[in-house]
Amino acid sequence: MARQSLQPARDPADYAFTHRLRTRFAETDAMGIIHHAAYLPYLEEARVEYLRAIGHPYDSVRAGDSAAGGDGDGGRDFAVLEVSVQYRRPLHFDDEVDVSLVIGAVTGATFQIAYLLSVGGEARATAVTVHGCVDGRGRPARMPAWVRELGEA
Amino acid sequence: MARQSLQPARDPADYAFTHRLRTRFAETDAMGIIHHAAYLPYLEEARVEYLRAIGHPYDSVRAGDSAAGGDGDGGRDFAVLEVSVQYRRPLHFDDEVDVSLVIGAVTGATFQIAYLLSVGGEARATAVTVHGCVDGRGRPARMPAWVRELGEA
Amino acid sequence: MARQSLQPARDPADYAFTHRLRTRFAETDAMGIIHHAAYLPYLEEARVEYLRAIGHPYDSVRAGDSAAGGDGDGGRDFAVLEVSVQYRRPLHFDDEVDVSLVIGAVTGATFQIAYLLSVGGEARATAVTVHGCVDGRGRPARMPAWVRELGEA
Amino acid sequence: MARQSLQPARDPADYAFTHRLRTRFAETDAMGIIHHAAYLPYLEEARVEYLRAIGHPYDSVRAGDSAAGGDGDGGRDFAVLEVSVQYRRPLHFDDEVDVSLVIGAVTGATFQIAYLLSVGGEARATAVTVHGCVDGRGRPARMPAWVRELGEA
(Lines give C-alpha, C1' and ligand atoms only; values in the text may rest on other atoms or scores of the structure.)
Protein backbone atom coordinates (compact mmCIF):
# COMPACT_ATOMS: atom_id res chain seq x y z
CA MET A 1 0.00 0.00 0.00
CA ALA A 2 1.29 3.40 -0.94
CA ARG A 3 1.87 5.77 1.91
CA GLN A 4 1.64 9.49 1.50
CA SER A 5 4.98 11.18 1.80
CA LEU A 6 4.27 14.72 0.61
CA GLN A 7 4.10 17.59 3.07
CA PRO A 8 1.68 20.21 1.72
CA ALA A 9 3.17 23.69 1.89
CA ARG A 10 1.08 26.62 3.13
CA ASP A 11 2.50 29.08 0.61
CA PRO A 12 0.55 29.15 -2.69
CA ALA A 13 3.80 29.94 -4.49
CA ASP A 14 4.92 26.37 -3.82
CA TYR A 15 2.13 24.96 -6.01
CA ALA A 16 2.03 24.40 -9.77
CA PHE A 17 -1.62 25.20 -10.44
CA THR A 18 -4.59 26.89 -8.80
CA HIS A 19 -8.27 26.34 -9.52
CA ARG A 20 -10.92 28.64 -8.04
CA LEU A 21 -14.33 27.29 -7.13
CA ARG A 22 -17.25 28.49 -5.06
CA THR A 23 -18.78 26.49 -2.22
CA ARG A 24 -22.42 25.43 -2.57
CA PHE A 25 -25.24 25.78 -0.06
CA ALA A 26 -25.90 22.05 -0.53
CA GLU A 27 -22.41 21.44 0.90
CA THR A 28 -23.07 23.21 4.22
CA ASP A 29 -24.11 21.30 7.33
CA ALA A 30 -26.01 22.04 10.53
CA MET A 31 -22.84 23.51 12.10
CA GLY A 32 -23.21 26.30 9.53
CA ILE A 33 -19.97 25.41 7.74
CA ILE A 34 -18.99 23.35 4.71
CA HIS A 35 -19.21 19.68 5.64
CA HIS A 36 -15.80 18.02 5.77
CA ALA A 37 -16.75 15.38 3.18
CA ALA A 38 -17.39 18.08 0.55
CA TYR A 39 -13.67 18.85 0.36
CA LEU A 40 -12.88 15.62 -1.50
CA PRO A 41 -14.88 16.62 -4.59
CA TYR A 42 -13.11 20.02 -4.42
CA LEU A 43 -9.74 18.26 -4.66
CA GLU A 44 -11.04 16.13 -7.52
CA GLU A 45 -12.42 19.14 -9.40
CA ALA A 46 -9.01 20.82 -9.12
CA ARG A 47 -7.24 17.67 -10.38
CA VAL A 48 -9.56 17.55 -13.39
CA GLU A 49 -8.90 21.21 -14.24
CA TYR A 50 -5.17 20.68 -13.84
CA LEU A 51 -5.21 17.74 -16.25
CA ARG A 52 -7.13 19.87 -18.74
CA ALA A 53 -4.66 22.74 -18.33
CA ILE A 54 -1.68 20.51 -19.13
CA GLY A 55 -3.34 19.01 -22.21
CA HIS A 56 -4.61 15.71 -20.78
CA PRO A 57 -8.35 16.15 -20.16
CA TYR A 58 -9.50 13.44 -17.79
CA ASP A 59 -12.40 12.31 -19.96
CA SER A 60 -9.90 11.71 -22.79
CA VAL A 61 -7.57 9.86 -20.43
CA ARG A 62 -10.52 7.70 -19.36
CA ALA A 63 -11.56 7.09 -22.98
CA GLY A 64 -8.01 6.13 -23.97
CA ASP A 65 -7.69 8.86 -26.60
CA SER A 66 -4.14 8.69 -27.87
CA ALA A 67 -4.09 12.47 -28.23
CA ALA A 68 -4.46 12.73 -24.46
CA GLY A 69 -1.68 10.27 -23.77
CA GLY A 70 -3.73 7.09 -23.61
CA ASP A 71 -2.62 3.95 -25.39
CA GLY A 72 -5.86 3.01 -27.07
CA ASP A 73 -6.61 -0.09 -24.99
CA GLY A 74 -9.65 1.18 -23.13
CA GLY A 75 -8.40 4.12 -21.14
CA ARG A 76 -6.99 4.82 -17.76
CA ASP A 77 -8.40 5.93 -14.43
CA PHE A 78 -6.38 7.49 -11.68
CA ALA A 79 -7.89 5.57 -8.78
CA VAL A 80 -7.65 7.21 -5.35
CA LEU A 81 -5.61 4.94 -3.09
CA GLU A 82 -5.37 7.29 -0.16
CA VAL A 83 -6.56 10.71 0.93
CA SER A 84 -5.66 12.86 3.88
CA VAL A 85 -7.09 16.28 4.77
CA GLN A 86 -6.19 18.70 7.53
CA TYR A 87 -8.99 21.16 8.25
CA ARG A 88 -7.39 24.33 9.59
CA ARG A 89 -10.22 26.90 9.46
CA PRO A 90 -13.78 26.28 8.26
CA LEU A 91 -15.12 27.12 4.82
CA HIS A 92 -18.53 28.76 4.61
CA PHE A 93 -21.30 29.01 2.08
CA ASP A 94 -20.41 31.15 -0.94
CA ASP A 95 -16.69 31.25 -0.18
CA GLU A 96 -14.46 31.49 -3.23
CA VAL A 97 -11.84 28.81 -2.62
CA ASP A 98 -8.47 28.64 -4.33
CA VAL A 99 -7.42 25.00 -4.60
CA SER A 100 -3.70 24.88 -5.35
CA LEU A 101 -1.97 21.62 -6.19
CA VAL A 102 1.36 20.11 -7.16
CA ILE A 103 2.27 16.56 -8.21
CA GLY A 104 5.09 14.74 -6.50
CA ALA A 105 6.43 11.32 -5.51
CA VAL A 106 5.78 9.79 -8.93
CA THR A 107 6.76 6.12 -9.17
CA GLY A 108 6.05 3.49 -11.81
CA ALA A 109 2.80 2.60 -10.04
CA THR A 110 1.59 5.63 -8.08
CA PHE A 111 1.80 9.38 -7.79
CA GLN A 112 0.84 11.85 -5.08
CA ILE A 113 -0.69 15.31 -5.16
CA ALA A 114 -0.42 17.94 -2.43
CA TYR A 115 -3.13 20.59 -2.06
CA LEU A 116 -3.67 23.91 -0.34
CA LEU A 117 -7.20 25.30 0.01
CA SER A 118 -7.26 29.01 0.72
CA VAL A 119 -9.74 31.90 0.73
CA GLY A 120 -8.41 35.37 0.07
CA GLY A 121 -4.89 34.11 0.69
CA GLU A 122 -5.74 32.54 4.05
CA ALA A 123 -5.05 28.80 4.38
CA ARG A 124 -8.17 26.83 5.23
CA ALA A 125 -7.04 23.24 4.61
CA THR A 126 -4.21 21.15 3.24
CA ALA A 127 -4.49 17.70 1.71
CA VAL A 128 -2.66 14.88 -0.01
CA THR A 129 -4.05 12.27 -2.38
CA VAL A 130 -2.26 9.13 -3.56
CA HIS A 131 -3.27 7.71 -6.93
CA GLY A 132 -2.72 4.49 -8.82
CA CYS A 133 -3.27 3.89 -12.51
CA VAL A 134 -5.97 1.35 -13.43
CA ASP A 135 -7.62 0.25 -16.66
CA GLY A 136 -11.31 0.38 -17.46
CA ARG A 137 -11.95 -2.69 -15.32
CA GLY A 138 -10.12 -1.33 -12.29
CA ARG A 139 -7.00 -3.50 -12.73
CA PRO A 140 -3.56 -1.96 -12.11
CA ALA A 141 -2.15 -0.59 -15.36
CA ARG A 142 1.00 1.04 -16.63
CA MET A 143 1.34 4.72 -15.75
CA PRO A 144 1.27 6.96 -18.86
CA ALA A 145 4.68 8.40 -19.75
CA TRP A 146 3.43 11.97 -19.38
CA VAL A 147 2.58 11.36 -15.72
CA ARG A 148 6.05 10.05 -15.04
CA GLU A 149 7.47 13.13 -16.73
CA LEU A 150 5.41 15.40 -14.48
CA GLY A 151 7.26 13.95 -11.52
CA GLU A 152 10.59 14.78 -13.08
CA ALA A 153 9.73 18.41 -13.73
CA MET B 1 -41.83 12.34 -22.44
CA ALA B 2 -43.62 10.54 -19.65
CA ARG B 3 -45.60 12.72 -17.30
CA GLN B 4 -46.25 11.77 -13.74
CA SER B 5 -49.87 10.87 -13.11
CA LEU B 6 -49.78 9.34 -9.63
CA GLN B 7 -51.11 11.26 -6.64
CA PRO B 8 -49.18 10.15 -3.56
CA ALA B 9 -51.50 9.35 -0.67
CA ARG B 10 -50.73 10.60 2.83
CA ASP B 11 -51.93 7.41 4.54
CA PRO B 12 -49.16 4.78 4.92
CA ALA B 13 -51.84 2.08 4.53
CA ASP B 14 -52.12 3.02 0.86
CA TYR B 15 -48.53 1.89 0.19
CA ALA B 16 -47.16 -1.56 -0.62
CA PHE B 17 -43.83 -1.37 1.18
CA THR B 18 -42.04 0.68 3.81
CA HIS B 19 -38.30 1.06 4.33
CA ARG B 20 -36.91 2.78 7.42
CA LEU B 21 -33.69 4.77 7.23
CA ARG B 22 -31.95 7.29 9.43
CA THR B 23 -30.87 10.72 8.23
CA ARG B 24 -27.16 11.53 8.30
CA PHE B 25 -25.43 14.59 9.69
CA ALA B 26 -23.70 14.95 6.30
CA GLU B 27 -27.16 15.49 4.81
CA THR B 28 -28.01 18.52 6.97
CA ASP B 29 -27.52 22.07 5.72
CA ALA B 30 -26.91 25.48 7.27
CA MET B 31 -30.66 25.90 7.84
CA GLY B 32 -30.28 23.07 10.39
CA ILE B 33 -32.49 20.69 8.41
CA ILE B 34 -31.95 17.89 5.91
CA HIS B 35 -31.06 19.44 2.55
CA HIS B 36 -33.79 18.94 -0.02
CA ALA B 37 -31.44 17.17 -2.48
CA ALA B 38 -30.80 14.39 0.07
CA TYR B 39 -34.36 13.11 -0.33
CA LEU B 40 -33.67 11.68 -3.79
CA PRO B 41 -31.17 9.09 -2.52
CA TYR B 42 -33.72 8.23 0.20
CA LEU B 43 -36.30 7.41 -2.50
CA GLU B 44 -33.68 5.39 -4.37
CA GLU B 45 -32.65 3.46 -1.26
CA ALA B 46 -36.30 2.54 -0.65
CA ARG B 47 -36.71 1.41 -4.29
CA VAL B 48 -33.64 -0.82 -3.96
CA GLU B 49 -34.95 -2.39 -0.75
CA TYR B 50 -38.35 -2.91 -2.34
CA LEU B 51 -36.82 -4.70 -5.33
CA ARG B 52 -34.87 -6.92 -2.93
CA ALA B 53 -38.02 -7.66 -0.92
CA ILE B 54 -39.92 -8.83 -4.00
CA GLY B 55 -37.07 -11.05 -5.19
CA HIS B 56 -35.48 -8.80 -7.82
CA PRO B 57 -32.35 -7.31 -6.21
CA TYR B 58 -31.30 -4.31 -8.26
CA ASP B 59 -27.70 -5.44 -8.65
CA SER B 60 -28.99 -8.68 -10.21
CA VAL B 61 -31.35 -6.72 -12.47
CA ARG B 62 -28.39 -4.57 -13.54
CA ALA B 63 -26.19 -7.65 -14.10
CA GLY B 64 -28.90 -9.34 -16.16
CA ASP B 65 -29.11 -12.41 -13.91
CA SER B 66 -31.97 -14.49 -15.24
CA ALA B 67 -32.90 -15.50 -11.70
CA ALA B 68 -33.73 -11.85 -11.02
CA GLY B 69 -35.81 -11.48 -14.14
CA GLY B 70 -33.16 -10.26 -16.54
CA ASP B 71 -32.82 -11.73 -19.99
CA GLY B 72 -29.10 -12.35 -20.04
CA ASP B 73 -28.18 -9.65 -22.57
CA GLY B 74 -26.31 -7.32 -20.26
CA GLY B 75 -28.88 -6.23 -17.73
CA ARG B 76 -31.38 -3.50 -17.22
CA ASP B 77 -31.35 -0.16 -15.47
CA PHE B 78 -34.45 1.67 -14.33
CA ALA B 79 -33.41 5.14 -15.46
CA VAL B 80 -35.09 8.06 -13.70
CA LEU B 81 -37.06 10.06 -16.27
CA GLU B 82 -38.77 12.38 -13.87
CA VAL B 83 -38.89 13.15 -10.17
CA SER B 84 -41.18 15.36 -8.13
CA VAL B 85 -41.02 16.00 -4.39
CA GLN B 86 -43.31 18.00 -2.14
CA TYR B 87 -41.61 18.99 1.11
CA ARG B 88 -44.31 19.32 3.78
CA ARG B 89 -42.35 19.51 7.03
CA PRO B 90 -38.56 19.40 7.42
CA LEU B 91 -36.52 16.36 8.34
CA HIS B 92 -33.77 16.78 10.90
CA PHE B 93 -30.53 15.06 11.75
CA ASP B 94 -30.99 11.60 13.28
CA ASP B 95 -34.67 11.32 12.29
CA GLU B 96 -35.85 7.80 11.60
CA VAL B 97 -37.73 8.14 8.33
CA ASP B 98 -40.27 5.64 7.01
CA VAL B 99 -40.19 5.73 3.22
CA SER B 100 -43.36 4.05 1.91
CA LEU B 101 -43.84 3.36 -1.78
CA VAL B 102 -46.20 1.83 -4.29
CA ILE B 103 -45.78 1.16 -8.02
CA GLY B 104 -48.41 2.36 -10.46
CA ALA B 105 -49.04 3.52 -14.01
CA VAL B 106 -47.01 0.71 -15.58
CA THR B 107 -46.88 0.84 -19.37
CA GLY B 108 -44.74 -1.05 -21.89
CA ALA B 109 -42.07 1.63 -21.60
CA THR B 110 -42.34 3.30 -18.20
CA PHE B 111 -43.60 2.91 -14.66
CA GLN B 112 -44.17 5.30 -11.81
CA ILE B 113 -43.66 5.07 -8.06
CA ALA B 114 -45.43 7.14 -5.40
CA TYR B 115 -43.74 7.75 -2.05
CA LEU B 116 -44.63 8.97 1.41
CA LEU B 117 -41.87 10.00 3.82
CA SER B 118 -43.01 10.06 7.43
CA VAL B 119 -41.49 10.26 10.91
CA GLY B 120 -43.40 8.68 13.75
CA GLY B 121 -46.50 8.56 11.55
CA GLU B 122 -46.32 12.25 10.60
CA ALA B 123 -46.07 13.01 6.88
CA ARG B 124 -42.94 14.95 5.99
CA ALA B 125 -42.86 14.68 2.21
CA THR B 126 -44.49 12.98 -0.75
CA ALA B 127 -42.87 12.18 -4.07
CA VAL B 128 -43.29 10.54 -7.45
CA THR B 129 -40.60 9.09 -9.71
CA VAL B 130 -41.08 8.02 -13.32
CA HIS B 131 -38.77 5.32 -14.67
CA GLY B 132 -37.87 3.93 -18.06
CA CYS B 133 -36.10 0.66 -18.75
CA VAL B 134 -32.69 0.92 -20.43
CA ASP B 135 -29.91 -1.52 -21.27
CA GLY B 136 -26.32 -1.34 -20.09
CA ARG B 137 -25.57 1.38 -22.65
CA GLY B 138 -28.53 3.55 -21.65
CA ARG B 139 -30.67 2.69 -24.68
CA PRO B 140 -34.42 2.09 -24.21
CA ALA B 141 -35.09 -1.59 -23.60
CA ARG B 142 -38.04 -3.90 -23.09
CA MET B 143 -39.57 -3.76 -19.63
CA PRO B 144 -39.16 -7.07 -17.75
CA ALA B 145 -42.41 -9.05 -17.47
CA TRP B 146 -42.30 -8.97 -13.67
CA VAL B 147 -42.46 -5.19 -13.69
CA ARG B 148 -45.51 -5.22 -15.95
CA GLU B 149 -47.12 -7.70 -13.58
CA LEU B 150 -46.50 -5.40 -10.60
CA GLY B 151 -48.71 -2.85 -12.31
CA GLU B 152 -51.50 -5.35 -12.63
CA ALA B 153 -51.49 -6.30 -8.96
CA MET C 1 -49.36 23.47 -0.10
CA ALA C 2 -48.16 25.35 -3.14
CA ARG C 3 -48.47 23.54 -6.43
CA GLN C 4 -46.13 24.19 -9.30
CA SER C 5 -47.83 25.92 -12.17
CA LEU C 6 -44.93 26.98 -14.39
CA GLN C 7 -44.25 25.15 -17.63
CA PRO C 8 -40.51 25.32 -18.35
CA ALA C 9 -39.82 26.41 -21.93
CA ARG C 10 -37.20 24.62 -24.01
CA ASP C 11 -35.94 27.79 -25.68
CA PRO C 12 -33.13 29.50 -23.71
CA ALA C 13 -34.42 32.85 -24.99
CA ASP C 14 -37.43 32.46 -22.70
CA TYR C 15 -35.23 32.62 -19.59
CA ALA C 16 -33.97 35.63 -17.66
CA PHE C 17 -30.55 34.34 -16.63
CA THR C 18 -28.08 31.59 -17.47
CA HIS C 19 -25.34 30.18 -15.26
CA ARG C 20 -22.74 27.81 -16.68
CA LEU C 21 -21.25 25.06 -14.54
CA ARG C 22 -19.26 21.92 -15.17
CA THR C 23 -20.31 18.48 -13.94
CA ARG C 24 -18.02 16.70 -11.49
CA PHE C 25 -16.73 13.15 -11.61
CA ALA C 26 -18.05 12.71 -8.06
CA GLU C 27 -21.54 13.30 -9.47
CA THR C 28 -21.42 10.39 -11.92
CA ASP C 29 -22.91 7.00 -11.11
CA ALA C 30 -22.36 3.40 -12.19
CA MET C 31 -24.57 3.96 -15.25
CA GLY C 32 -21.78 6.28 -16.46
CA ILE C 33 -23.96 9.38 -16.34
CA ILE C 34 -24.59 12.19 -13.87
CA HIS C 35 -26.75 10.84 -11.06
CA HIS C 36 -30.23 12.35 -11.08
CA ALA C 37 -29.90 13.67 -7.52
CA ALA C 38 -26.96 15.87 -8.54
CA TYR C 39 -29.24 18.10 -10.58
CA LEU C 40 -30.81 19.67 -7.50
CA PRO C 41 -27.56 21.32 -6.36
CA TYR C 42 -27.12 22.53 -9.97
CA LEU C 43 -30.49 24.33 -9.76
CA GLU C 44 -29.53 25.75 -6.38
CA GLU C 45 -26.15 26.98 -7.64
CA ALA C 46 -27.89 28.75 -10.53
CA ARG C 47 -30.39 30.37 -8.10
CA VAL C 48 -27.53 31.63 -5.94
CA GLU C 49 -25.73 33.14 -8.95
CA TYR C 50 -28.96 34.74 -10.16
CA LEU C 51 -29.54 36.37 -6.77
CA ARG C 52 -25.97 37.68 -6.84
CA ALA C 53 -26.45 39.02 -10.38
CA ILE C 54 -29.55 41.01 -9.40
CA GLY C 55 -27.89 42.50 -6.32
CA HIS C 56 -29.29 40.23 -3.60
CA PRO C 57 -26.50 37.77 -2.73
CA TYR C 58 -28.04 34.84 -0.88
CA ASP C 59 -25.62 34.98 2.03
CA SER C 60 -26.68 38.60 2.61
CA VAL C 61 -30.35 37.64 2.33
CA ARG C 62 -29.73 34.91 4.90
CA ALA C 63 -27.84 37.31 7.19
CA GLY C 64 -30.60 39.90 6.93
CA ASP C 65 -28.34 42.64 5.56
CA SER C 66 -30.58 45.58 4.76
CA ALA C 67 -28.47 46.41 1.72
CA ALA C 68 -29.51 43.07 0.24
CA GLY C 69 -33.18 43.64 0.93
CA GLY C 70 -33.40 42.08 4.36
CA ASP C 71 -35.21 43.78 7.18
CA GLY C 72 -32.63 43.31 9.91
CA ASP C 73 -34.57 40.80 12.00
CA GLY C 74 -32.36 37.77 11.41
CA GLY C 75 -32.51 37.12 7.70
CA ARG C 76 -34.55 35.11 5.28
CA ASP C 77 -34.21 31.71 3.70
CA PHE C 78 -35.98 30.66 0.54
CA ALA C 79 -37.02 27.19 1.66
CA VAL C 80 -37.69 24.66 -1.09
CA LEU C 81 -41.34 23.57 -0.87
CA GLU C 82 -41.41 21.53 -4.03
CA VAL C 83 -39.12 20.41 -6.81
CA SER C 84 -39.82 18.69 -10.10
CA VAL C 85 -37.27 17.60 -12.71
CA GLN C 86 -37.75 16.06 -16.13
CA TYR C 87 -34.62 14.28 -17.36
CA ARG C 88 -34.65 14.38 -21.17
CA ARG C 89 -31.13 13.32 -22.13
CA PRO C 90 -28.32 12.36 -19.73
CA LEU C 91 -25.51 14.61 -18.60
CA HIS C 92 -22.01 13.17 -18.54
CA PHE C 93 -18.80 13.85 -16.68
CA ASP C 94 -17.11 17.10 -17.69
CA ASP C 95 -20.15 18.47 -19.53
CA GLU C 96 -20.48 22.24 -19.48
CA VAL C 97 -24.09 22.80 -18.50
CA ASP C 98 -26.01 26.02 -19.06
CA VAL C 99 -28.63 26.35 -16.34
CA SER C 100 -31.19 28.95 -17.44
CA LEU C 101 -33.90 30.17 -15.09
CA VAL C 102 -36.79 32.56 -14.79
CA ILE C 103 -38.95 33.52 -11.79
CA GLY C 104 -42.72 33.34 -12.04
CA ALA C 105 -45.93 32.81 -10.10
CA VAL C 106 -44.92 35.13 -7.25
CA THR C 107 -47.51 35.41 -4.49
CA GLY C 108 -47.34 36.90 -1.03
CA ALA C 109 -46.10 33.59 0.35
CA THR C 110 -44.36 31.68 -2.43
CA PHE C 111 -42.60 31.99 -5.77
CA GLN C 112 -41.65 29.53 -8.47
CA ILE C 113 -38.62 29.20 -10.72
CA ALA C 114 -38.50 27.40 -14.06
CA TYR C 115 -35.20 25.97 -15.33
CA LEU C 116 -33.71 24.65 -18.53
CA LEU C 117 -30.47 22.64 -18.43
CA SER C 118 -28.73 22.48 -21.79
CA VAL C 119 -25.34 21.51 -23.20
CA GLY C 120 -24.21 23.20 -26.38
CA GLY C 121 -27.75 24.40 -26.97
CA GLU C 122 -29.30 20.94 -26.59
CA ALA C 123 -31.93 20.56 -23.86
CA ARG C 124 -31.01 17.96 -21.27
CA ALA C 125 -33.53 18.62 -18.49
CA THR C 126 -36.21 21.03 -17.35
CA ALA C 127 -37.24 21.72 -13.79
CA VAL C 128 -39.43 23.79 -11.51
CA THR C 129 -38.84 24.71 -7.88
CA VAL C 130 -41.39 26.26 -5.52
CA HIS C 131 -40.07 28.37 -2.66
CA GLY C 132 -41.45 29.85 0.52
CA CYS C 133 -39.89 32.57 2.62
CA VAL C 134 -38.86 31.60 6.15
CA ASP C 135 -36.96 33.29 8.96
CA GLY C 136 -33.80 32.01 10.62
CA ARG C 137 -35.83 29.52 12.65
CA GLY C 138 -37.66 28.11 9.64
CA ARG C 139 -40.97 29.89 10.36
CA PRO C 140 -42.96 31.38 7.47
CA ALA C 141 -41.99 35.03 6.98
CA ARG C 142 -42.96 37.98 4.84
CA MET C 143 -41.60 37.87 1.30
CA PRO C 144 -39.12 40.71 0.62
CA ALA C 145 -40.55 43.44 -1.62
CA TRP C 146 -37.84 42.90 -4.24
CA VAL C 147 -38.98 39.32 -4.75
CA ARG C 148 -42.56 40.43 -5.29
CA GLU C 149 -41.30 42.98 -7.81
CA LEU C 150 -39.45 40.28 -9.74
CA GLY C 151 -42.76 38.61 -10.36
CA GLU C 152 -44.18 41.80 -11.81
CA ALA C 153 -41.35 42.30 -14.28
CA MET D 1 -2.64 21.35 14.62
CA ALA D 2 -3.33 17.84 15.81
CA ARG D 3 -1.60 15.07 13.92
CA GLN D 4 -3.05 11.61 13.63
CA SER D 5 -1.09 9.04 15.56
CA LEU D 6 -3.37 6.00 15.50
CA GLN D 7 -2.54 3.04 13.29
CA PRO D 8 -5.81 1.33 12.27
CA ALA D 9 -5.65 -2.43 12.78
CA ARG D 10 -6.95 -4.78 10.11
CA ASP D 11 -8.44 -7.24 12.61
CA PRO D 12 -12.05 -6.40 13.58
CA ALA D 13 -11.36 -7.84 17.03
CA ASP D 14 -9.20 -4.80 17.75
CA TYR D 15 -12.18 -2.46 17.53
CA ALA D 16 -14.72 -1.47 20.18
CA PHE D 17 -17.84 -1.17 18.03
CA THR D 18 -19.12 -2.15 14.60
CA HIS D 19 -21.92 -0.55 12.61
CA ARG D 20 -23.26 -2.19 9.47
CA LEU D 21 -24.54 -0.08 6.59
CA ARG D 22 -25.36 -0.67 2.95
CA THR D 23 -23.86 1.33 0.09
CA ARG D 24 -26.23 3.36 -2.08
CA PHE D 25 -26.45 3.50 -5.85
CA ALA D 26 -26.18 7.29 -5.57
CA GLU D 27 -22.72 6.77 -4.07
CA THR D 28 -21.33 4.88 -7.10
CA ASP D 29 -19.32 6.63 -9.79
CA ALA D 30 -18.56 6.08 -13.47
CA MET D 31 -15.75 3.65 -12.53
CA GLY D 32 -18.56 1.38 -11.28
CA ILE D 33 -17.41 1.54 -7.66
CA ILE D 34 -18.31 3.57 -4.59
CA HIS D 35 -16.82 7.05 -4.99
CA HIS D 36 -14.02 7.70 -2.52
CA ALA D 37 -15.74 10.76 -1.05
CA ALA D 38 -18.71 8.65 0.07
CA TYR D 39 -16.59 6.93 2.71
CA LEU D 40 -16.49 10.02 4.93
CA PRO D 41 -20.24 9.96 5.62
CA TYR D 42 -19.88 6.22 6.34
CA LEU D 43 -17.32 7.01 9.06
CA GLU D 44 -19.60 9.72 10.41
CA GLU D 45 -22.64 7.43 10.46
CA ALA D 46 -20.64 4.86 12.44
CA ARG D 47 -19.49 7.55 14.92
CA VAL D 48 -23.09 8.64 15.44
CA GLU D 49 -24.24 5.06 16.08
CA TYR D 50 -21.33 4.50 18.46
CA LEU D 51 -22.24 7.60 20.48
CA ARG D 52 -25.85 6.37 20.66
CA ALA D 53 -24.70 2.91 21.76
CA ILE D 54 -22.66 4.32 24.66
CA GLY D 55 -25.51 6.56 25.84
CA HIS D 56 -24.44 9.89 24.33
CA PRO D 57 -26.62 10.42 21.22
CA TYR D 58 -24.99 13.06 19.07
CA ASP D 59 -28.13 15.17 18.73
CA SER D 60 -28.26 15.38 22.52
CA VAL D 61 -24.57 16.25 22.70
CA ARG D 62 -25.20 18.99 20.13
CA ALA D 63 -28.25 20.25 22.02
CA GLY D 64 -26.31 20.32 25.29
CA ASP D 65 -28.67 17.96 27.10
CA SER D 66 -27.13 17.31 30.48
CA ALA D 67 -28.34 13.71 30.35
CA ALA D 68 -26.05 13.17 27.39
CA GLY D 69 -23.06 14.72 29.08
CA GLY D 70 -23.48 18.30 27.95
CA ASP D 71 -23.15 21.19 30.34
CA GLY D 72 -26.22 23.14 29.37
CA ASP D 73 -24.46 26.07 27.69
CA GLY D 74 -25.53 25.37 24.12
CA GLY D 75 -24.06 22.02 23.28
CA ARG D 76 -20.94 20.60 21.79
CA ASP D 77 -19.87 19.56 18.33
CA PHE D 78 -17.03 17.19 17.60
CA ALA D 79 -15.51 19.10 14.71
CA VAL D 80 -13.41 17.09 12.28
CA LEU D 81 -9.84 18.44 12.35
CA GLU D 82 -8.29 15.80 10.17
CA VAL D 83 -9.26 12.74 8.20
CA SER D 84 -7.19 10.09 6.47
CA VAL D 85 -8.46 7.12 4.46
CA GLN D 86 -6.58 4.25 2.85
CA TYR D 87 -8.62 2.57 0.12
CA ARG D 88 -7.46 -1.06 -0.09
CA ARG D 89 -10.12 -2.72 -2.25
CA PRO D 90 -13.17 -1.03 -3.82
CA LEU D 91 -16.68 -1.07 -2.41
CA HIS D 92 -19.53 -1.70 -4.84
CA PHE D 93 -23.21 -0.89 -5.00
CA ASP D 94 -25.30 -2.83 -2.48
CA ASP D 95 -22.33 -4.02 -0.42
CA GLU D 96 -23.03 -4.51 3.26
CA VAL D 97 -20.16 -2.73 4.96
CA ASP D 98 -19.07 -3.28 8.54
CA VAL D 99 -17.58 -0.06 9.87
CA SER D 100 -15.59 -0.86 13.01
CA LEU D 101 -14.13 1.86 15.17
CA VAL D 102 -12.19 2.53 18.34
CA ILE D 103 -11.35 5.77 20.14
CA GLY D 104 -7.79 6.56 21.09
CA ALA D 105 -5.28 9.33 21.71
CA VAL D 106 -7.68 11.38 23.86
CA THR D 107 -6.19 14.64 25.13
CA GLY D 108 -7.77 17.65 26.80
CA ALA D 109 -8.45 19.19 23.39
CA THR D 110 -8.73 16.39 20.82
CA PHE D 111 -9.41 12.72 20.31
CA GLN D 112 -8.83 10.31 17.47
CA ILE D 113 -10.85 7.43 16.05
CA ALA D 114 -9.48 4.52 14.02
CA TYR D 115 -11.75 2.69 11.56
CA LEU D 116 -11.81 -0.53 9.58
CA LEU D 117 -14.28 -0.95 6.72
CA SER D 118 -14.83 -4.56 5.77
CA VAL D 119 -17.25 -6.63 3.70
CA GLY D 120 -17.77 -10.24 4.69
CA GLY D 121 -14.66 -10.06 6.86
CA GLU D 122 -12.46 -8.72 4.06
CA ALA D 123 -10.76 -5.37 4.73
CA ARG D 124 -11.69 -2.72 2.18
CA ALA D 125 -10.41 0.46 3.81
CA THR D 126 -8.93 1.85 7.00
CA ALA D 127 -9.24 5.39 8.27
CA VAL D 128 -8.45 7.79 11.08
CA THR D 129 -10.32 10.93 12.10
CA VAL D 130 -9.09 13.58 14.52
CA HIS D 131 -11.72 15.61 16.38
CA GLY D 132 -11.79 18.74 18.46
CA CYS D 133 -14.57 19.87 20.76
CA VAL D 134 -16.32 23.13 19.83
CA ASP D 135 -19.35 25.02 21.10
CA GLY D 136 -22.40 25.96 19.06
CA ARG D 137 -20.51 28.84 17.47
CA GLY D 138 -17.55 26.69 16.44
CA ARG D 139 -15.20 27.97 19.17
CA PRO D 140 -12.91 25.51 20.95
CA ALA D 141 -14.59 24.18 24.08
CA ARG D 142 -13.84 21.90 27.00
CA MET D 143 -14.00 18.19 26.18
CA PRO D 144 -16.81 16.42 28.08
CA ALA D 145 -15.56 14.21 30.92
CA TRP D 146 -17.11 11.10 29.37
CA VAL D 147 -14.96 11.51 26.26
CA ARG D 148 -11.80 11.77 28.34
CA GLU D 149 -12.88 8.62 30.19
CA LEU D 150 -13.29 6.74 26.90
CA GLY D 151 -9.62 7.28 26.26
CA GLU D 152 -8.72 5.78 29.60
CA ALA D 153 -10.68 2.60 28.99
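Structural remarks
Every chain is named by a letter (A, B, C and D) in the order it is written, and numbering of its residues begins at 1.
Going forward, a residue touches a chain if its C-beta (ideal position, glycine included) is under 8 Å from a C-beta of that chain, and two chains touch if they have at least 3 such contacts.
What you see is a predicted model, and the numbers here were worked out from it, not measured in a lab.
More C-beta pairs touch across one of B-D and A-B than the other; that pair is B-D. Matched by residue number, over half of the contacts between the chains of A-D recur in the interface of B-C, chosen from C-D, B-C or A-C. Taking each chain's centre as the mean of its C-alpha atoms, the one that lies farthest from the centre of subunit A is B.
If you average the Cα atoms of subunit B and of subunit D, the two centres end up 29 Å apart.
If each chain is reduced to the centroid of its CA atoms, subunit A and subunit B end up 34 Å from each other.
Among all residues of subunit B, those that touch two or more other chains are 25-26, 30, 32-33, 37, 40-41, 44, 62, 93. Every residue of subunit C that touches subunit A in the complex is listed here, in rising order: 24-27, 40-41, 44-45, 48, 57-59, 62, 92-94. On subunit A, the positions that touch subunit B within their shared complex are 25-26, 28-30, 32-33, 35, 37, 93. Contact residues of subunit C toward subunit B in the complex are 1, 30-33, 36-38, 40-41, 44, 62, 77, 79-88, 90, 138.
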